[in-house]
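Okay, so chain A shows up in both of these, paired with chain B first and chain C after.
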Partner chain A sequence: MLKKQKTKVGAREFFALYAMTMALQFSDQTPATIFKDAKNAGWMVPIIAGILTLVSFSFVLLVLSKYKDKNMIEIIYSTFGKYIGFILCFILFIVAFAAIVLNSRSYVDITRTMFLPKTPTNVIYFMLIAAAYMIGRGGLRGISSTAWLFFVPMCIVIIIMSVLSFKDINMYYIYPIWGPGVKEILKVSVRHTGVFGELILFTIFFSEVRSYKCYKAASLTGTAFAIVVLAVFSFIYITVFDYVSLENMAFPFQELTMIVNIEQFFTNLGSLFFWIWIMLSVIRCTVLLYLATSIFCYMLNIKEIKPLLPALSAIIFILGNMPNSSLAQNITSKADVFYQLTYYILLLLPFILWILSKIRKVAGNES
Partner chain B sequence: MKVKITMILIMNICFGLLSGCWDKLELEEQAYVVTVGIDIAEGDNIVVTCQIANPQGGSTAGSGGNQNEPAAEIVSFTMRDFLSIRDLAASSVTRRITFTHTKTLVVGEDFARSDKFYNILESIVRDRQVRRDTYLIISKESAEDFIRNNQSALETRPHKFYEFMSKRWQESGLVPVSIIRRFIHDTESGEALHLAIYGTNEKTGIAGEKDEDNYIAGEVDKEGGNIVQLIGSAVFKDGKMINVIDGEDTRIALLLREQIDIDTYFVTYKDPKDEEYVITIRLTKHKKTKVDINTDNEIPTINVVVPLEASVVSIPSNVDYVTDEGNKNFLADYIGEELKKKTEKFLDRSKEEFKMGAFDWYLIARKQFNTLEEYKLYNWREKYPEAEITVEYDVSIKDFGRLFQPHTNREGSANQ
Partner chain C sequence: MKEEKRDNKASRKKRQYEDTKLQTAIDKNLELFKQVLHYPLNQDFIIKDLTIEDFERKCSLLYMKGTIDSSKLENNLVPSLKKINQIEMTEAISCWAVVVKQLDFMTVETVETLYKAVDKILFGYAAILIDGCDIAVTVNISKFEHRSIEKPSIENAIKGPMESFVEDVGTNISLIRKIVRNEQLISESIIKGQRTSDAIVLMYIKDIADEEILECVKKRIYDISTDNIQNLEIVEQYIEDRPYSLVPTVLYTERPDRVAAFLQEGHIALLNNSSGGLIVPITFWSLFHTAEDYYQRWPYSNFVRLIRLIAFFLAMLTPSLYIAVTNYHVEMIPTDLLLAIGASREIVPFPAIVEVISMELAFEILREAGIRVPTPIGPTIGIVGALILGQAAVEANIVSPILVIVIAITGLSSFAISEISTNFMIRIGRFVYLAFASFMGLYGIGLCFVVGVAYLVSIESFGVPFFSPYAPHYKSAGDTFYRPQLWTMIFRPFNIQQKNKVRNQQ
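The block that comes next holds the complex of A and B.
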């Protein structure tokens, strides 16, 4: 029993996994896609989207509390049956897979544009995916321990950045308070529930976590952390740059690292943040890679996940390197399709799952 | 086990070989550009001037530097676009041009007044190396002349000149602290004039008496030292330079902004009780300016109260402003009135000539609305020139320097 306990992931590590993968989006192109539509009210979007996702997640928790030892895929199969279950799992897989391809590409673009302009894209991409694969070989326990290890540096970056940007903040930039209008903010928030998509997708790992209580605590605190970080940073971006400049900015976080300074002595802090940031993004890519692989394996009932990692890494590498996966498209067309796909599933699936499990239960009682 | 060891070995070799691969930088091979100048040239071309810091020159003896070397190398190239200087420079500069430490961008007035300026500036910001908090200086002559003639005896290191100057600007308010980020923001918002630092190294001189701050660059009558003068500001509207204002108007513009952009500064006034003399006063904006904007009506009303603390530093006329309460209040009101007169003149100019404000009031107006849609419908840009603006200066006299009373008072012969 003790041995089994050890192979499972504890609440602390799982919290780090949640907090890191979701919160790290403050430093990639996610804020840029939010500000494009939500303008100066963009800081509300993470809060509303987070709450929406949490509401739908509470249904997942209700369902999960009934199945102590099963993961999400098994639950879907047992609720929806073999065929519809497979289709749903496949859609989940596509969502997770698209997330890793889009995100990894986004990190490569940022690295290339801001720091390593001469290095070929495919080399950076290869390094990123290779590193993600290396960490992924450690299994979920290895990944979450790594996430916990880097959780503290991430907090340090977050705190330093918020403190240093304080003097550049102009509170007037957040007005008019409702920005493009309440309706538009809600619309954008619904469209960006995909930002917290991991909340639902991580239910795949449910059976790997020590207990239901652990899982619940870790997921809720992790999400709360991510909501706060994303909202605070969106707020900082808006109050430092104002939406008129933000609309044209591809990488607000990197721009922010370039303008913060400590008096006149430490001025070029951008590269200092870069090396912490690149490590964090490797971990995020690892998590997403492992997530996609896990869904794939559970879907096809493959017991061993690790042997499939290199295959999926290779596919991601090839897809991400496709000539069309360029930066501008990432922000516009592709991301839109991706978010649209995800928000339907992520908001509706838990609800349907819950209703169906209720019906099953009632039907089971009657028979 | 064997596999593990081989893996670790391979990884370690990879780390060694792959570190930085294509983008590796040798510190010694970098040419750090401290100041960039841009001028208009014939046809579609621009002249780009780079002041490249020499890490060996100008350092103190004993720290390994070579004192005989010049502190900077200044090169100018004529070309189509700004960033291609990196390659063109390779024709004569031995090191690789790097803009990561660029502190200042100097733009010739002729170029700033042309339509092309804003486009070129945007292309500069697109580059990953150029920082958005680079200072923007507009030079009366060409930027190339400005950079070449800027020889400060105190600061042999070129980057220090601007670093230290920027602190003086903040203190005196004679020039606005203008950075590229703010310039782009003012321009993109379409609602604000941008005030950029105005400088020159041509001394023009001016007839007639001047107070201490109503100069524009070139008019300051000084001898010796660095020939560069930075005073007053270049006024930009929609990304194009339209005019120049003097140091006094710059101070007023900074005072009218809500935030504290100006620390403390000296002014002289004719002594209201004895016109023969002047009194010198140090003014401090100790609190935020209070700006009330009412956008309920078709014509916006703007009420501004500028809080100022005054320290009287010299009273050559020997009028007792110190112990006489009446005189003290009279002086405070007098300063407020003087400032108000000048401010109203400048506001009229901004409404009639520039048709735009430079005081960030549009942000306060923005706060009055619930959505961006409503704000855009109100059309602040069109409304501003008609706005009813009242300005009050709330001057309180804080102290009188180190003396209680005028010297002569002790002998019982002070005036009044």
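The block that comes next holds the complex of A and C.
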């Protein structure tokens, strides 16, 4: 009995995985890309995008409830067949892989520009990827347990940050409440459903979670948590900085940590928050690294994931080190391509999957 | 080389006697015993000829001095042997049966082979040889000298039981049985090597302990390659999960009450003639908690746990945080304090990292010296240490005053962690953090910390994840960082066992 439970991931750990990967986006460049389009109504975008993703995710849940022991890749293969299935899986892999490369590079940029200006980028990058690889060696179970251990510190940071930024908030900045207009907000929200892309991508871990019930509970609560955190922080950014200055601000969270203070004595809390932030971000990097590696392995039907981790880490290190990978430098072009690629897939794939599995079932019943 | 040869010879000799049966003629038997136990070279081995009235046959009493209780020998054994009379003797089927009957108030066993008889003699039994019998009667009159039960010296407590284990397995078992009066409490002895004296006693509560883990423990003990196990401290190193790791996977405790508490949760205890017991499997929480956490009232013990948690982090991170902040993130320090540190460091010629490493080294030397120093010279260590580490080093401009505070806080915090292995883990781990801090500041410490936690999560002690039941989550009483009220702790931790999930409640 002990052994059986040991190999699977429980609901709490899986929830932490979701919370860590989706909610932590409040602290990187995601809000900056949202504010660029949604202006001062940017705080609504996470809510609408989250709900949209949840709608499409509900179709995934319907499909998953039929396949008890299969992960997403196996389901795609069995629904779409060998060739189309492979193409779809490959696109999923590209999405996950791009996510880890862009995100890890973004963390390195934040670290370098804000805190370690004299250290070479590739040294920082190497340390980050090496750490992510070492955590990833623990497998999904190890990563998710680590994420669960760091979940409480994350909550504490979130709460402290929100409380400390209270006195800098100017409520008038959020008006006009609809910003660029309702239609525009909806458009932007659809384009930014990629923020919650992990919700769909994590389905490939479905067979490693203890039960369907666990999976459902963890994913829904995890998403709800992420929506709340992202919305609250977007709100704080807007009311503290105003959207005009936000448009030129690549790292709003770090800027916020720089301006908050506790009385007269502790005026520079930036480094302290950076310390905790980097710990959480490394875990997020690990999750994305492991996600990309898992999709790659399942796609090619490779059983062991861990031996491929160092190879993928090395490729990510090389790709991320290329000058053009920096999200901050070309925040417009690259991110847009990336998000466009993702939102089509993430919004449409579940629906198609569901319809196809329905048709298959009907066809299966008739024959 | 020579030594090895002798060893081989001895073991061959042992094997030679393994199947030797006892003879009927007493002289031949005595000759065999003399050969094996090196009589008269070994002066502890005593052969006593008995003269029993009305008893025509020759009779001998064999025992090893130093393993027996001479008062039992003189007051109980010999007088009752003397009382045997002829009538009984002639009526009985064989003489040894009469002797056994006469001594039935003591622990009597009969043996047929020489090897077993020698083993018994070494274990503190007296062997009675009777002419004409090919069976030896052995009587337990053993008594080994050991300390009396004393206060625990490592795991001190203000409130709670003050007994600790001693170097006698019987006493140790009795100390546990005194607390756990349960018909399900099993003590099973596993004999390692060729002698029963090497036995390791496994204690567990049968309807709680998990069979899988129990099998795993037994297998590891059987797999120990050496045949002479001196004590549990050595067994620990043979059976642990990661021998090369800084992280301990077996708990060594000297408190019987702690062992009893662990038994109730489904752990397994290993006992031997050692001044401590081993607990397997363990989790991080077993190392973090102390026995007193449960004896103090709820608010006090939670306060103490919080202090211990802070001490845990301080002992591990203070020097590296100091290096990181002063070298990489100067803006974190309030301006006035920064100026003060700068002023005090101005006259010091070394970089901060050299200062920290030299002071850490001095402190570690002081600690080691404090343990090894003979008691009469003990107090000098304190004086010398305080002078060198504190005043003189500062006055000679080798270190800055703020660093003395850093090292003092680190040292003090490390004393708050009483478990020896954890203490070592933190003390050595501190230098790893120091290296990363001097290399990359808070970034290095952060990465190192997460990798460290992920490494701890990956560790399993006898198949039980190290951070369970917190991460991965299992149902339990929730006794991790926080100690719940005792009456709410009704669940046994599910990560250890799932046979008997709820504690018996009235």
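Everything below uses one rule, namely that the second predicted complex is superposed on the first by the 361 of 367 C-alpha atoms of A that agree within 3 Å, B and C clash if a C-alpha of one lies under 4 Å from a C-alpha of the other, contacts with A are read in each partner's own complex, and residues count from 1 in each chain.
Note that a residue touches a chain if its C-beta (ideal position, glycine included) is under 8 Å from a C-beta of that chain, and two chains touch if they have at least 3 such contacts.
Treat the numbers as computed from the prediction; the structure is a model and nothing was measured.
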### Task
Based on the superposed arrangement, let me know which partner A:L164 touches: chain B (first), chain C (second), both, or neither?
neither
### Task
Kindly classify A:C155 by the partners it touches after superposition: chain B alone (first), chain C alone (second), both, or neither?
neither
### Message
One more residue to check, A:S245. First (chain B), second (chain C), both or neither?
### Response
first
#### Entry: Touched partner set for A:Y173, first chain B, second chain C, both or neither
first
### Query
What is the contact status of A:L116 with respect to chain B (first) and chain C (second): first, second, both, or neither?
both
### Message
I'd like to know which partner A:R137 touches here: chain B for first, chain C for second, both or neither.
### Response
second
### Message
Contact-wise, after the overlay, does A:L272 reach chain B, chain C, both or neither (first, second, both, neither)?
### Response
second
### Task
Using the touch definition from the top, say if A:M127 reaches chain B (first), chain C (second), both or neither.
both
### Query
Quick one: chain B or chain C, who's touching more of chain A?
C
## Note on the structure
The intersection of the chain A residues contacting chain B with those contacting chain C is 115-116, 119, 123, 127, 268
### Summary
Interface with chain A, chain C side, in the complex: residues 210, 212, 325, 328-329, 331-332, 334, 440-447, 449-451, 453-455, 457-458, 463, 465, 467, 470-474, 495, 497-498
### Message
Using the touch definition from the top, list the residues of chain A that touch chain B in their complex.
### Response
39-40, 113-120, 123, 127, 170, 172-173, 175-181, 241-242, 244-245, 248, 255, 258-259, 261, 264, 268
### Summary
Residue set of chain A touching chain C in the complex reads 1-3, 5-6, 9-10, 12-13, 111, 115-116, 119, 123-124, 127-128, 131, 134-135, 137-138, 141-146, 148-150, 265-272, 274-276, 278-279, 282-283, 286
## Note on the structure
Residue positions on chain B within touch of chain A in the complex are 18, 21-23, 100-101, 128, 131-133, 163, 181, 184-185, 188-189, 259, 360, 363-364, 366-375
